Amino acid sequence: MNEFIQHVINGLSLGCIYALVAIGYTLVFGVLSLINFAHGEMVMMGAYFGMYFAKHFKLAEEPGISGLLLTLVATMIVTGCIGWCVEKFAYRPLKNAPRINLLITAVGVSLLFQFSGQLIFGSAPQFFPQLVEFNLDTWKIGELQFNPLQITVLGIALVLTVVLQTLVFKTRTGRGMRAVSFNRDLASLLGIPATRVISLTFVVGAALAGAAGVLVGLVYPKIDPLMGSLLGLKSFVAAVVGGIGNLSGAVLGALLLGLSEEFVVGYLAPTYRDAIAFAFLIIILLWRPSGLLGVNRIEKV
Amino acid sequence: MKKSKSTPHLSVIHRFWFIPAIAAVAGIGYGLEAGLNAYAMSLLANTGISILLAISLNWVIGITGQFSLGHAGLMAVGAYTSALLSLRLAPALSLTGLTGFAESAVFSVNLLIAGLVAAFFGFLLGLPSLRLKGDYLAIVTLGFGEVIRVLFLNIDAFGGARGLPGIPNSTHFFDVFSWVLIAVLIFSRILNSPEGRALKAVREDPIAAQALGIELFQFKLKAFVLGAFFAGVAGGLYAHFLQYINPQGFDFNRSFEIMIMVVLGGMGSLTGSVVAATLLTILKEALRPLQEITHIDFRMILYSLALIILMLLRPQGLFGSKELSLTFLKRLGGKR
Amino acid sequence: MFRQNPSRLTFALAAVLALSFSACKKKESTETSAASSSTILIGEVGSLTGSEATFGISTHNGIDLALKQINAAGGIGGKQVQVVTIDNQSKNDETALATSKLITQNHVVAVLGEVASSRSLVMAPIAQQNQVPMISPSSTNPKVTQVGDYIFRTSFIDPFQGEVMARFASENLKAKKLAILKDVKSDYSMGLSQFFIEQLKKSGGEIVIEQSYAAGDLDFKSQLTAIRAKSPDAIFVPGYYTEVGLVARQARELGMKMPLLGGDGWDSPKLYEIGGKAIENSYFSNHYSHEDQSPRVQEFVKNYKAAYGATPDGLAAMGFDAMMVLAEALKKTPDLDHKKLRDAIAATKDHPGVTGMLTLNSERNPIKPAVVLKVENNQSKFVATISPSAAPTK
C-alpha cells in the first residue's frame, strides 16, 4: 500500500513538470493553431540562462526562495525576448502561408537552438545550481517521501494556470487572444491588433517555457542542450491528450501522463515507458479526437 | 494540356521507355561500380534511398494531403523485416554469399517482402487514423513511429538496443535506382490516370471531392498503403547499405528529416522531392570541408538556418506543386 | 497541374544530379591522395555533436593530446602525423559516409573510432571490406572486433567489466541481494548488466529486481520505488554519468541508503557535481584511476589538464592509448602498407598505456586489468585492481 501511494506521489510530481511545459504549448496552439516544436528548446534556453544567472550572482551560496524568484523573473524576461524575436523573424512573415510551413519553420527553429546550444553551451551536461535547500527528513510521513521542490513546482504550475486562465478569460488582451484564435481576419476587421496579440501570446508562451526550464533544472539538476526535445514531445502529448488549446486540459493531461508512466514502470513493463505515453495518446485521439477537455472544432468548407 | 499527338512509333517508345531505362541503370551501375570509389558509391546509394523516402512521403503528404509523421516507423518495419530475412531466413535456405544477378534477384524478393510488410503496417495505422484530420493525424502517426521504435528496442529477437549487426552488403547502385525508377513510374502512372485526378481532388478539397462521389477514406488509405510500401523498401535498402541497424536510427527526427525534404522540394512535386533529397544529402557531405577548416560542426546550424530562410522566402518549396518538365524549362527560358 | 508525364524527367534528373556529383567527387580524390605522401594521415570518426557528444569529445581530446606529443617528438619515421576528424553527429548514417570518405577520399592509413559500439559496428564492415585497420578506443560490445581481422580495440569488453563488478559486489562488499537499473536505450548498458548477472549467479548472489530507464529520462523515482520495496544490498546502475547523478539523488530522496555500483560510463567530473552528496560511497569500475601515482599516468593527467582544463576521464585516457598503440605500430611499418600495419597492431604486446599494460589477444581485444573506484568527497578513490587472469576466456 505504501508503495502504491509513493507511486501516486511520484506520478503526480512528474506530471507537474509536464504540466508546466504543456501549458505554454497549449497557449500558443490555442491562439495560433501552431504546434510550436521549438517550445521544448525554449525550456532548454531558460534552464541554461537560469544556470548562468544563478552562477554569476552566486545565488546557490545562500539558498532561499528570493534567489529562486529572482532567477525565475530574470529568465522569464530573457526567454520572453527570445520568443518575441522568434515570432517576429521566423513566424510572422509566414502568417498567410500554409500551416505545414509554419510547422517546418518551428522544426527549423528547434534544430537551430539545439545545435547552436551545443556549440555555445557545450554538449556535456551541466549541473544546475541548487537555489533552494530542504531537509528531506522533515518531509516524510512514515515510509512516504515527499519532495518539497516538486510540491513547489506543483504550486507554481497551478498558480500559473490560474493566472493564465484569468489573463485569457478576464482581461481585454485575453478577449483579443480568443478573438484571434476564433478568426484572425475577422478579429483584425473588428479593430483587434491581431499582430500584437499574436506576438504577446508568443512572449507569454516563451516566458512560461523559461520558468519551466528553471524549475526543471531545479528538480532534475542536470541540463543539456538536447533536454528540450523529449520533454517537449511528452508535454505536447500531454497537451493533446487534455485537449490542445485548453489550459486546464493541459494540466489534466500532464498529470494523467505522469501517473500512467509511473504505473507502467512500477507495475507493468518498465521498458515500455515511452511507448505507453504514445500508445495512450493514440488511443485517446482515436476515441476522442479533440482530447479530454477539448471542444470539437468543425472544419469549415 | 496542349500536347500534340505523337506519331505511333514514338508512342511505343513513350510507353515502354522504362525498359531501356532499367537497362541503362544496370549498365551505369556496373560501370560506376568499377570506376568509382566506395565513398562516391555510398553517397549515391544514400542519395537514392533519400529520394525513395522523399517521393513516397510526398505521395502521402503532397499528393493526397495526408500529413504523416510516421514514415520513420514504416521505414523501420521494412528495415527490420529485410534485415531479419537476410540474417535468419537466407542462411536457412542457403541463399548467402551470392553475387551479381543472383544476389540482386534474391535481394529484390527480400525488399518486396519488406515493402509488403511495411504496407501492411501502413494499412493497420491508416485504418483508424486516416479518419483524423490535419494536425491530429500528424500527432497519431508520430506516436505510431515512436511506439514502433520502442517495440524494436524491447524485443530481443530484433536485437534490442544492441541492434542487428552483420547484415550483408547487398545494396548496390542498381538496386537503389531501379527501385527509385519503379516508384517514380508507379506514382506518375497513377497521377495521370483518373484515380490520380481523384487523388488530387482529395487533396485540394476533400469535402467537394466527397460530394462528387469519391470514396474519400478508401482513396486516402490506398495512397497511404502505397507510400508505406516504398518506405519499407527504402528501409530494406538502408539496412543492407549500412549493414547494421538499431532503433536509434528510426526516431522522430528522421520523420522530420524526410518531411523537410518534401516541403523543401514542394509538396506535390515529385521532381521537387528528387531535387531536394539529392541536394540535402549531398550538401551535408559537401559542407564537410568547412568543418575540417573551422574544427566546429556548423553544418546543422547552416542547415536549420537555410530551412527557415527558405520557408520565409519561398513558402511553397522549390517547385511548389509543379513538376520540373521540358515545357516548364522552355517557359522559363522564354521569359528571359 | 501535371502537363506531361513527369516520370521520365524525374528519373533523368535523379540520375543526372547523382552522376554529376560523383564525377566532381572523383576529381577531388586524386588531389588529396597526392598530398598525403609527406604526412601520415589517420582518420577519426567521432560523436562531436549530438546525443553522445560528451563522450566523443573526451575521446577526441585524448587522441589529440597523443597526436601533439607524437608530432612534438618528431613524428613517425620523420613524417608528421595528421588526424582527419569527422563528426558523425552521433548518427549511424553519418558514420557510414564519414568512414568511407576517410578511407577512399582521404586515403587514411587507419581509422580510429567510435565510442559507441553501435556506431563502431557501422564502421567496422567498411574498414574490413577496404582492408584498413581500425581501432576503437572504447566500444565494449564483443561483436565489434568479431567483424574481421582488421578491427581492434583498446578497451576491455562488456563480459570482463560486468564480471569485475559482480566479483567486487560479492567478494568485497559481501552483497547478496542486488537490484539492477539499466539503460534500455544503450547497448553498452544492456551488455554490462547481462554479464554482471551471469557472474553474480555463479558467485551465489541473487538479482532481486531488474528495472530499466531510457537515456535522456529525468525521472527514475518509479523504478527506484519498485527497487526500494525489495530492499537490495546494492544497486547496479551500468549507465552513463549523465543519468547516474540524477538516479543517485532520487534514490537518496526516497530514503535509500545502499551503495550504487556502475561501470566506466560513470567516469566524469560531472558525476560528482550532478550527484552531489547522493553519489558518495558508490563504486564503479574504470580503465584507470587518475590518482594512480605511476609517472606515466601523472604525466598524462598533467598534460591533459594543461591542454583542456579538466581532469581526464576514462574515455580521454583510452583515446590517448588507442592513438599511441597505432603510433607504435606505425613505427614498425615505414611503408604504411595496410596489411603490415594490421599485423603490427595485432602484435601489440605490453604496451605501456595510461590504462595499464596493454596486450592484444588473438581476438584483437586487450588483456588488461580494471580498477574499482569509490566516490568519496567529490572524488574517485582507488579501491582495488581486478586482473583479467581469473576471467574466463570468451
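Worth a mention:
Letters A, B and C mark the chains in the order given here, with residues in each chain numbered from 1 onward.
Note that a contact is a pair of C-beta atoms (placed from the backbone, for glycine too) under 8 Å apart; a residue touches a chain by one contact, two chains touch by 3 or more.
This one's a predicted model, so the numbers in the text were calculated from it and none came from an experiment.
A complete topology is adopted by the chain contact network, contact being made between every pair of chains.
By C-beta contact pairs, the most connected chain pair is B-C. Centre to centre, using the average C-alpha position, chain B and chain C are separated by 34 Å.
Chain C has its Cα centroid 35 Å from the Cα centroid of chain A. Residues of chain C in contact with two or more other chains: 49, 184, 214. Residues of chain A in contact with two or more other chains: 115, 271, 274. Each of the following residues of chain B touches two or more other chains: 153-154, 300. On chain C, the positions that touch chain A within their shared complex are 49-51, 53-54, 57, 184, 211-214, 216-219, 221-223, 225-226, 228-229, 242-243, 245-246, 249, 252-255, 268, 270, 273-274, 276. Listed in rising order, the residues of chain A touching chain C in the complex are 3, 6-7, 10-11, 13-14, 17, 115, 118, 123-127, 130, 136, 140, 143, 145, 147, 216, 219-222, 224, 226-227, 230-231, 261-263, 265-266, 270-271, 273-274. In the complex of the two chains, the chain B residues touching chain A come out as 61, 67, 128-129, 132-136, 138-140, 142-144, 146-147, 150-151, 153-154, 207-208, 252, 256, 259-260, 263, 267, 296, 298, 300-301, 303-305, 307-308, 311-312, 315. On the side of chain A, the complex with chain B involves touching residues 33, 35, 90, 93-94, 97-101, 103-105, 107-109, 111-112, 114-116, 119, 233, 236-237, 240, 269, 271-272, 274-275, 278-279, 281-282, 285-286, 289, 299, 301. The residues of chain B lying in touch with chain C in their complex are 1, 3, 14, 17-18, 21, 25, 28, 32, 35-44, 46-48, 51, 55, 153-154, 160-163, 165-166, 169, 177, 180-181, 184-185, 187-189, 191-192, 238, 241-249, 270-271, 274-275, 278, 282, 284-285, 288, 291-292, 295, 297, 300, 321-328.
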